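To start, I am sharing the structure in question, which I have written as structure tokens.
Chain naming follows the written order as A, B, C, D, E and F, and within any one chain the residues start at number 1.
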Amino acid sequence: MCLAVPGQILSIEQADDPLLRSGRVDFGGVVKVVNLAYVPEAEIGDYVIVHAGFAISRLDEAEAQAVLKEIAALEDVSHEIS
Amino acid sequence: MCLAVPGQILSIEQADDPLLRSGRVDFGGVVKVVNLAYVPEAEIGDYVIVHAGFAISRLDEAEAQAVLKEIAALEDVSHEIS
Amino acid sequence: MSDDIRLICPTPIGQYAQIVMGHGGGGRMMQQLLERLVRPAFANPHLDQRHDSAVLDVGGKRLAFTTDGYVVKPLFFPGGDIGKLAVCGTLNDLAMSGAKPLFLSAALVIEEGFPVDDLARVLASMNAAAQAAGTAIVTGDTKVVENGKGDGLYIATSGIGLIEHDLQIGPAGIREGDAILLSGDIGRHGVAIIAEREGLGFETTVESDCADLSGLVGELLKAGVELHCLRDLTRGGLAAAVLELATDSGFDMELNEDAIPVTPAVRGACEILGFDPLYVANEGRMVLFMSASVVDLALDVLHAHPLGRDAAVIGQVGAAGEGRVGLRNAYGIVRVLDLPSGEQLPRIC
Amino acid sequence: MSDDIRLICPTPIGQYAQIVMGHGGGGRMMQQLLERLVRPAFANPHLDQRHDSAVLDVGGKRLAFTTDGYVVKPLFFPGGDIGKLAVCGTLNDLAMSGAKPLFLSAALVIEEGFPVDDLARVLASMNAAAQAAGTAIVTGDTKVVENGKGDGLYIATSGIGLIEHDLQIGPAGIREGDAILLSGDIGRHGVAIIAEREGLGFETTVESDCADLSGLVGELLKAGVELHCLRDLTRGGLAAAVLELATDSGFDMELNEDAIPVTPAVRGACEILGFDPLYVANEGRMVLFMSASVVDLALDVLHAHPLGRDAAVIGQVGAAGEGRVGLRNAYGIVRVLDLPSGEQLPRIC
Amino acid sequence: MKYRDEYRDAASVKALADAIARRQTRPWTLMEVCGGQTHSIVKHGLDRLLPPSLSLIHGPGCPVCVTPETIIDHALELAARPDVIFCSFGDMLRVPGSKHDLLTVKAQGGDVRMVYSPLDALNLARENPERQVVFFAVGFETTAPTTAMAVLQAQRFGVRNFSLLVAHVRVPPAVETLLSAPDNRVDGLLAAGHVCAVMGYTEYEPIAASFHAPIVVTGFEPLDILRGVLSCVEQLEEGRSEVENRYGRAVTREGNRPAQALMKQVFEPITLSWRGLDAIADSGLGLRPEFADFDAVRRFRLSVPKTATTRPCRSGEVLTGRLRPCECPAFGTTCTPEHPLGATMVSSEGACAAYYRYRRNAA
Amino acid sequence: MKYRDEYRDAASVKALADAIARRQTRPWTLMEVCGGQTHSIVKHGLDRLLPPSLSLIHGPGCPVCVTPETIIDHALELAARPDVIFCSFGDMLRVPGSKHDLLTVKAQGGDVRMVYSPLDALNLARENPERQVVFFAVGFETTAPTTAMAVLQAQRFGVRNFSLLVAHVRVPPAVETLLSAPDNRVDGLLAAGHVCAVMGYTEYEPIAASFHAPIVVTGFEPLDILRGVLSCVEQLEEGRSEVENRYGRAVTREGNRPAQALMKQVFEPITLSWRGLDAIADSGLGLRPEFADFDAVRRFRLSVPKTATTRPCRSGEVLTGRLRPCECPAFGTTCTPEHPLGATMVSSEGACAAYYRYRRNAA
């Protein structure tokens, strides 16, 4: 359920309207206008997770990198063992 | 104006209704349902003149024959002269 | 009285910026669309043959190739259905070049919501018509369009035929003095269709003339009739077919109104609607052009075939001129036969 | 875990009594419609070739013959329009038999209200595409349907090509061990179309891949590449094309997911909509089947041509079997590639 | 077809034409009032069978031709409304208003339906209760009773979504206007047989008397028309100016009483500007106040358009017999049946269209 | 695509699968609640990378699957109305009601539109003021805020022709119901990452505690899912039953506060019968009384249909993890994606459909 994909904010309009805040979001070359009212903290350049035309979450890039590092460490373990 | 063609009444329905009297009328092999309210005197077998789905006149067959005879007489005159 | 007026300049097509029904009605608007937009866009010598099928040289063989779209309403009508129509129409266009039909294709555009059972009936009737002509539908395509973007079913058929004789049957073959023959009575398809339309509500026994003429054309060729030109009657009726050929060949022509067979029921329906049977659609009739000397032979062959039983000589080709067609009536008056503008509209007044 | 389940009996087509959009979507519903209704109705050996064009013997010559209907929306889209599509699609189907395209036909079904200027643009683009391929539209037809009974313009094109080599290019030519090549990246046509649709409102630079492959096929033949089978990718995408060929040839096949080129923009659009690019429509791509020994030669020719620049080997033909197609992913897992049911519908949940 | 084919017989036509030629001694100009008769004359070439000094000119008897442009513009406005199914007789569809025609509105998505009878439109209203169905009520006294009947049936059945755009016209006021024109060329009139089938012909008796013009009630087949001509010529030669009935099989002096009654129940005479003519008192029919609910102009609050015709169309002169179609400079050049400038080119019964179809480039 | 491709890397997937295998000592059964995760697992074959004694079963987390048939029947009724434009997400169109599906209604002429966002439906309402636009509001807590926003925007702009057919569902009550079933086989849960992006995961803390089941907030890419699995296995092996967040790039403990606020402003929890499950208290969302004007059931006075499902569909058992799709006798025979008997075969995220697509006849 809840197909949602990460995209990067290119521009923001009606930034302070609690219903109409919106912006153009880039999904790897495809751009869509998306409602940003639920991510008041998100800025141009940020990644957001978009579902049904709405950004439902600002993507935490630090956390994203940390996970990838954690997995890279696992890979090393894996290599050592096998 | 007022394209109207002769056809023969095949059947009559709602014969006494001043608005809905209608019937099937045959136009040389093509049959259409026609409003007959304006020809209350017309009976099955009679010819009527039909315009826009309405019989507007019962065809006077005696008169029709008389005219053809009159013209036939003219033809004779024509032949005699030429 | 002399009311003979010449057209000084033709009316520009641009006056309607949008396509209207009249552009498909077989009348002058359609001719203008084809002459001013379609033919120039595709300009090539084969299109310039201006015939029902293009005659092509493929590796030394003479092939006929044709296509038509079918958008008839209702889809099922007395005497046929869109499937039979789509196959017969294409067979006829091949036959008009004197080709033996070999292979057919069919592209279906089906509207969402169309009953699968009706589709099966149409396909069966296409196949029956193809088989009866010794041909087959060898390739096809199916598209589905949204409800409200179609009208049940549209079919485009194409056909390939092989020309096995040496005649050049087509508008260019027409000669001064040629007899003009008509293979049967006219107007039945158009009346059968109109009678079935919602709103008009005719009862009639009129059946569409929808038929494959390729067998009959084959008989004529086999009997050695030197055909100059053939054209099947479709949209725009007999008038459109003869007028097109007069224009394309550049010969004036004259038709004899009394010689043109029309059944009483077709005549009756036309009277009611204010139609002229000469302009009403057909789907199994053709005009034939040939030297007067072979008319008797041709009539023998025609009369012996179920599709040519009522065939008659209906006119003759006059001198080279401006491609005018006159219609001589019972009173000896010749009136100019003109293409209707768009479709014939029922008249009331 | 073993979840391998066999279909016990096929689902009857009759379950939808009416045509729905899915019947035209290139998926299993369409296959069923064709297999259970259309093919049986028209049964003949040429249809049984199950190829993009029928290969016919006409007076000792081998001809290819094909038809397709075009109902694309919008009519004008990045990378092409319905006219270019209609011509290229038919050229491609001829090319898939290795035929040299010779002649085209076009049947137009125009909706009342369609701008005459748009019609002129489409006709020009048809002619340009035909001329670029050295062919011409030699016969045609025009019908007008009422407003609300069409969608602007539908086009059915047919084509005749001449087969000048001795290969039997088609499903029957596929052999165990054949390499499966793909001529370029996939999914662009479908994404370009969808991005233009009302309601979705994508901005994208994705252009339809709409193109005529006949020149490229000609180059391959000229270079002496012994092609076993070709198929252009259209509705249903790469998956549908390979699955059809697996079914029709009876060979199991395996594709390598990582080897299939997809551009980031196409991938991005597919992610948003929940689509699988393997099932998205193309209009200028083909799969090629050939012995492994000629792959290098073929890739040389492909890479030298603008339409084959990204060509790659994407899989191979396995043993004769039940025509299953496996898709091997980066984790070494092989999943069964299955036709979608109808059209892919955008997913939200 | 019985009562039709007999009236087309070639020998009889010849005999009648001969009789006319024998009877005529001086040049006369006759006007057939009715467009249907114009159509028949031109199609069968009857005028060419007559002596050159006997002129037939074409009258205003085609509702398609005379319906004013302002009403056509109302029709276009109504037909373009998404809530409306607009019903019209076929030949009204190509009549140009100030901008375009009903066929264009239809091509642009308007729901325009061709009907054969006003009752077909009423049926559409009953079958589509959520839509507004408007019937374009054009025509002379022949057609007005059929429209009246649709209104009365709608009233009886309580059909609330049915209304009329009324453009009915009456023949006698127009004929009077024509005959009173200072440049009137018309010596005698063929009266429209089907109008008279409904109305009888007593209305024409004072007209014939006061203008000293014979008026002959005439049918539509070749023999009918030639009989009408013969009768007119006879009267003129004899110096008579009576109303005579030469369409006795369909017409009686008093006409169709039930049809007149219902027509009068629903409609009343109003002043109307015919296309090509000035306003004529009592020459139109409007819905009586009791039936105002059925008036589409009222129901849809249509405003009277300000547009005036600026086309170089001379159909006014054609309609009044002062100009033959082929004398109009636009005829056959900028004005053709595909792109008519005037209503007389639109209707296949219009004088310009009839000439275009049958006389242009006569072979 | 950034933040997607990295999470599909093959070497990392292998490393994680290895780590899971190393960590696991006993058989465990995990349920991924979310249909999106089911889709990902089956598409990428992730379950085949796991040890055989680690079972993944598929939960009820697909709104397409769980929307009750009675509401689908309401949808079909609304969509067939000539005055209605019925808007739905694409994957709801093939869900069968008691008689047929929205695609059939559309084929029969119903105006059914596929939209990507509830705001698209609202735009349609503004563009078509003469029509009624109904949006089929399905989905979990991820989607409910998007619907809430459409309602609030409609209110602000006074859009009177817009309404919702609401079928929103809430995850936690369903999870509690599953875990309390007497035949529950589930040892640990992967919680739906996007639901938690909106709701956070505090709701799951009491559930994990009371049922002694670890609950791990999990994303959707292969690495995300395997991390969730690893985390679950670790907890089980260690005897812990905590809520852990393994989708930290998108999810925080408290969730999306603005989204929660608007959702709560518009909706309130109601009792709902999920398809395949019995009625569950507070498991649905209904419009609050202040927004009752936007309720399509009320606006169109829909009656609650009496029909009950008589299909031999076992999707209830599939949804609760008691039956694998391939164990259903109808699977692949009378039930296929073309002719689905149950919702789990309809949605491409439904468990039966995912199995049919990726596992039938595995090569």
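Convention: a residue touches a chain if its C-beta (ideal position, glycine included) is under 8 Å from a C-beta of that chain, and two chains touch if they have at least 3 such contacts.
As the structure is a computational prediction, the values presented were derived from the model and not from experiment.
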item: Any chain in contact with chain A as well as chain F; value: D
item: Graph separation of chain A and chain E (steps between touching chains); value: 2
item: Two chains joined by the most C-beta pairs in contact, as defined above; value: C-D
item: Chain whose mean Cα position lies farthest from chain E; value: A
item: Label of the chain whose CA centroid is most distant from the centroid of chain F; value: B
item: Chain A and chain B: spacing of chain centres that average the CA atoms, whole Å; value: 83
item: Chain D-chain F separation of Cα centroids, rounded to whole Å; value: 34
item: Chain centre separation in whole Å, for chain F relative to chain E (CA means); value: 69
item: Chain D: positions in contact with at least two other chains; value: 16, 18-22, 112-113, 146, 148, 264, 267-268, 271, 274, 347-349
item: Where chain B touches two or more other chains, by residue; value: 1-3, 5, 27-28, 51-52
item: Where chain F touches two or more other chains, by residue; value: 1, 4, 14, 35-36, 62-63, 89, 106-108, 116, 120, 139-140, 143, 349
item: All touching chain pairs, where touch follows the definition stated at the start; value: A-D, A-F, B-C, B-E, C-D, C-E, C-F, D-E, D-F, E-F
item: Touch list for chain E against partner chain C, complex; value: 1, 4, 8, 10, 13-14, 35-36, 42-49, 52, 62-64, 89-91, 93-94, 103-104, 106-108, 113-116, 120, 124, 138-140, 143, 222, 324, 326, 331-334, 336-339, 347-349, 355-363
item: Residues of chain F that touch chain E when the two form their complex; value: 82-83, 130
item: Residues of chain A defined as touching chain D within the complex; value: 1-3, 5, 24, 27-33, 50-52
item: Chain E residues touching chain D - in the complex, by the definition given at the top; value: 106-110
item: Residues of chain D touching chain C in the complex; value: 13-14, 16-25, 30, 33-34, 37-38, 41-44, 46-47, 53-54, 56, 58-59, 61, 63, 65-71, 102-103, 105-117, 119-120, 123-124, 126-127, 130, 136-146, 148-151, 154, 156, 158, 160, 162
